[in-house]
């Protein structure tokens, strides 16, 4: 028997995490559970919450959705105290062990502390190697643990000094939220690649990956944490530090294209609005003669609405998504055509049959899904299938927390536009241009190639930081010599 | 600490089941798992599959989604044999015990047999009482078990004769699929209230609640099982019996409005198309002056597309749905406004702010959700909120397998239109008319009141069958005197 | 890899159950848990308790020891009410499913009732077949369910009348305890083969398989239930019925030899005392010249003490028992000699080396353990090994609740004494005579062959009842056509 | 509802661990599971095994008995490789978390290594504090982790050099077994307080806490590891190192009195023999006029046999032990007298009634059990109860791995002999003298007070090592600030 994966077929991008923290609120744990629920789209494999009640830390870390575990009275009841931080995580290859569930915790000479992380350190393996040489013992394969050891080894007195000392040793794209017994810290990497916002619920400060996590708890959105900014929140309020040499802000453009929830406000823009405008730009760039605009749900819907409005071609739900997905199913011996894609998507014949269809997707990674959906739409009776993609071709992998495949598996890194069209079996294919993306963002002149307004390395190869581990080819080194079945 | 339920707030209708069966195929269990996955929208609480390999029956019945359990090689591997039937079930009040998971199984003098059921028997309690008096021991609180006992007690030789003898004793709306060691049976109640379709995968017959379960396995759709038709499938092929006195077909109109998947074909109509046309009719009946059409996702989307197209008012995703829902969360002590609805829906401010909004929903049950969504949309900045409902007012409970609340809790059974509008806090409110529904179905003259084309008892109180248990007020009788924690 | 079973190697006899009940006591469930704990030696696979609180029944049935589950506050707390019955069960071949855990429960026209059973019905399969023919649906493979169906089908008004009507249809050796919402019943089969005692804790009646279950809760021992006596206990007190034609009492001699706890009083005799006297009689019959008396622990110890005292040969713990037994271990590829027996027993070299050893065991079933222990003792340095068995040769299987192998696997049914000695590798072998057993019981003249004082069918083939299922060769019929993995 | 603990009532001593290792054998994991099963009496809370197959380490660590988990093919199959070490652990207050299950594992600059430990370090907290100051992060509350960090921080090249460097920093009583990818190490503390033996199975070396673990796998006993000896076993054979300043051997006398299995050979003596001789010495010191000798089972049995033989008073099983113990039960509201002790022990009235009874126990800790057993024996009808204890009064706590209560709870540290007798309710009470213990060991002149042959600190307060943590009163410091529910 063979297993068919819903996700192997589905070549989406995945972000690894969402972070949340609330300081000094009677309902710290319950609010954190709600905030993480609102961030669930950023990571669905596992979730964790740490609290402190003035006496000790409390923690729960579980595989599964926030609502599978952190919706229970006994769980929230065990998480005592008025300050809490929490984390949701995506599945990452080989690292799905319970020990890797964040927040991670350690005790140092200056007391206990917990840290959680969205992003990726580009020199984690190099630093890990150095720390092991000095006698540090690692218990996880997570890059976050590197930061913990740096803090533990620091000889500074205050936690925040140790935290900053650690930050100065790491490279990459990250948003961290941490907690000691009496303070909460937040930081965004020097380029602000990963997002982090500040809110307030009455007198309590809140940190979160996205504004949608503020909305669910009725917290007020104050501002984004700046690139390179460290905030320390304690009983005396919030202090801001800027320990890094100044760098231009370059937030990741993928937060708009794919990761953030449509109703979140990122960099002052409504994500839904940006996506619709990308559809508009895409239609301006390349609208074919056609009968219907069909989004690949759910992420292609806003761009499809924009495309339809701009082009005047009617919008139809020509593809239906099954939201009740398991990760895999057993393939019958007599193989079913396109089974993988059908587990999640089905063609809505009525809307497609005899039509010239424009399919709108947000991005193309390996291209396998696109190819199967085109076939499915053709078999459902479409007379023409035109593929329009609301992001430029992905030609380079990400190293800042987005789970992209090797360059060798990126369709656009290995094929010309015509080859891609042919691979997908579409009648025509167009990707929005990089400038089109920037225009949708509000920059009429497109990308500022001298000082790019975003990091768009997956489309341009223009990485904003050093890639130490990559350069030293540490990437494939086995992180642990131990195989243990966690239960 | 208080628990906030996502679903108590969410006053949707729920159907209790989906059924599936495949006869004589090497991959019987794997195909059944796929079919049930496609029917997952009909029931998400539990799933079960029975097979027979010529020697014995095999069975797996579990709480949870199909993809949580029936995606495992060992599970499918244990379900040996070339014939299988399966079932998905919704949560029903008080009955969430493992013993109630279908298919149910029994052994009689003519061998073992398994039966699964979508629908509800309207004389189940009356019949249960009679059987207990005769010494039958019941192990579940499911009405399906009544049928098992009738089959077991029949003195007929052949299983299909016993099955028909049992059918002649029951009333209600039902689609049953059953199995012995060498045959599969299917039946639809005399009015065809609940759906059942016949398909073929090469030489193997398939029975399923909806065509979407045929599509996922590439089976060919043959036809619907007729109202009152019993089909017996064995090695010699399919035989059709019509044991009941003839009754006019009156399929349940709610399959179009809410239950069936948009891409399923029901009664020759594409469900997505019907829903869009309901939006069109609704707009014809009552389109206000407004800036945007906003569906309550996901079920309101097709009607909103139709409404938008008919009215010319632009369609916007003004409400975002969080698909990662747990069933409940812990309410913070300092209560959060509209927390229940926010766990599942959030307002997309950009699309709503400063706009005159038309909200499109498929139906209103208790009205609590509508009320909260109207408030949420207002708080997000809408200047006007007009509510349009793509089904008529629900004034009567269902007794054929749809989980409706008591009449006392049905908003439309207890308030005038104006009172409902006031309760919801909307600026205007309109429900599609009953005739509008029939027009969307293709009957230009609306409902044929002499011989109604569908059963629409929830809107009209016109029940197609006797309601024996109701008449004898057996409804609230406790079904079991035993409380056992199932693990 | 191969699995070595501790128990396959260990060819002990096993009884299937212990029963307990208490009527009208505030702590009914907690007392029942304690009573079952005291009866744990009678069955270690599963345990169950039913209670009734005037409104409904409560039940918990679990695999594992009483102390694994029924020691929890929440469990005892769920088992509300002032009356309770409970059961412990041994593992029986093929029947280890959760559904078979007793008490079993059913609801009839006269209300709900629960029944638990120690023993075996010798016409269960015959009756099961008849009931299925009449349309009864069986949910377990337990013979106890036959009784439930008979009660459910009875047309008598009162539960106790139905219960008695059922008893009159069954044959075998049994002690049953049952419960309705307002009464408790107990019965011992017409010959009193299986034990049942009556106690009182203040004003509350208690029924139990052995007196040790009364002792643990400080209940007073009143008397044994007579053979063929039915007791009905309700708020008006205890009533005794004798519905059967009179039969002479023939309690099972194995309760003394092996099953009952040494500190229990059975038939007015202390079990420990009887076992010691069996050792004395054995020594009188056949005491070899030897240096040490070594019991096979734990069951051989009392007889060894008696043998030592009578013979004057010193008693030594020459074999040590490991009480922490799993059921199986993985055999290393390089097989370890006598691994099976070593998982449970080890030779205490000091006490054995250079000695002429008399090994005392309570019984021999297949002889495999005896053989391995003799080898182990020899390898530990014994110069001579004399085997003395405190029960006569087992030549016939039991059909009254003791799990004995087929006759073909009973050592004594297939070999002469000399062949058995040779098979075991002992220097000499002696089994106590049947008359020796009766002398140890206090009958100086031994067995009364006209009216035997006990049933000793395993030694004599003299079965006190009909063996209907055996005669009709129903034994091997498959009870269920369904294979379901219970979790 | 109140919970009654079997163990709170039962004031036994508990040792924390047993260790086992085998090097270069095809069945390394299966043999280790068997060895640990034989050592199960040394720890029943949890068990763990590590293996290495030349490529990586494999590990399984579980709560429960060895036979609950390590008897499964899949588990043993996952533990690949030809070298294995394993550990069984007793429950210790507050430390029952999964993370503490040994062996513990770490990766250092010189590779991965695993260590398991029987005993206790008397300067663990002092060292832990120093390491945290230097930036080490601790993940367990086990003292074993201190050793791991010392090894990880060592700047030596070879693992065995690092291991020895770590040993030189620790104090206490310990037997350690460790493993890298290509060697196995064993060490016994400078005084040899905790036991460790060396065996051979064909060409494979075996290390184990006791000889009974060699016996079960048919390994040959080679010798004990010397006090202060480090053995390194690799493909070139076994090398012995003696890195410590020479100290006289002072093995713990409690291994004879209580911990080791009766059939183990410790220090050249059979444990069963020593215990019997203690009974003999006890009878010489103080045999009352009496009718029966009754051991408190199981540990009092050998001494009772010796006492009976010396005194000529007959031996009887006057107290029966229930081996099926859960840890707790629910106390009925109407309290049952002596329930705690009854859960484990019951009086065998026949053997006791009307008799003058000598009770033999191996030791007295808090005295609560003794007191309840004396009462139980009196209520069973004994006319006199004489208590004889086969070890001297315990007046001092242990700090080398035996779980003793605070001095304030040790009966003999707080009461005179007469007060103890009175507390127990016995007619007379005698503890064996310290010299009596040494005589039973074969030292006719008793204890050599200049160079004591054993460590007997619990009786004499003569601790063989420094007690750094005690002296600095670090004992009660909370080890972790984190409370996490492990599942």
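As written, the chains take the letters A, B, C and D, and residue 1 is the first residue of each chain.
Simple rule for what comes next: a contact is a pair of C-beta atoms (placed from the backbone, for glycine too) under 8 Å apart; a residue touches a chain by one contact, two chains touch by 3 or more.
The structure presented is a predicted model; accordingly, all values stated were derived computationally and were not measured.
Asker: Can you tell me the least number of steps between chain A and chain C, where a step is a move to a chain it touches?
Answerer: The distance in steps between these two chains is 2.
Asker: So, what's the distance in Å between the C-alpha centres of chain D and chain C?
Answerer: Here chain C and chain D have centroids separated by 35 Å.
Asker: Using mean CA coordinates as chain centres, what's the chain A-chain D distance in Å?
Answerer: 51
Asker: Would you kindly tell me how far, in whole Å, the mean C-alpha position of chain D lies from that of chain B?
Answerer: 62
Asker: Give the residues of chain C touching no fewer than two other chains, as numbers and ranges.
Answerer: Where chain C is concerned, no single residue meets two or more other chains.
Asker: Classify the chain contact graph as line, ring, star, complete or other.
Answerer: Topology of touching chains reads as a ring, each chain with two neighbours.
Asker: Which chain A residues qualify as touching chain B in the complex?
Answerer: Those in contact with chain B are residues 1, 3, 26-27, 30-31, 33-34, 37-38, 40-41, 44, 65-68, 70-73, 76-77, 212, 215-218, 261-263, 270, 272-273, 298, 301-302, 305, 309, 314-317, 320, 322-334, 336-337, 339, 342-343, 346-351.
Asker: Which of the residues in chain D end up touching chain A in this complex?
Answerer: Those in contact with chain A are residues 56-62, 78, 105-109, 111-112, 132-139, 148-149, 152-154, 181, 478, 480-485, 487.
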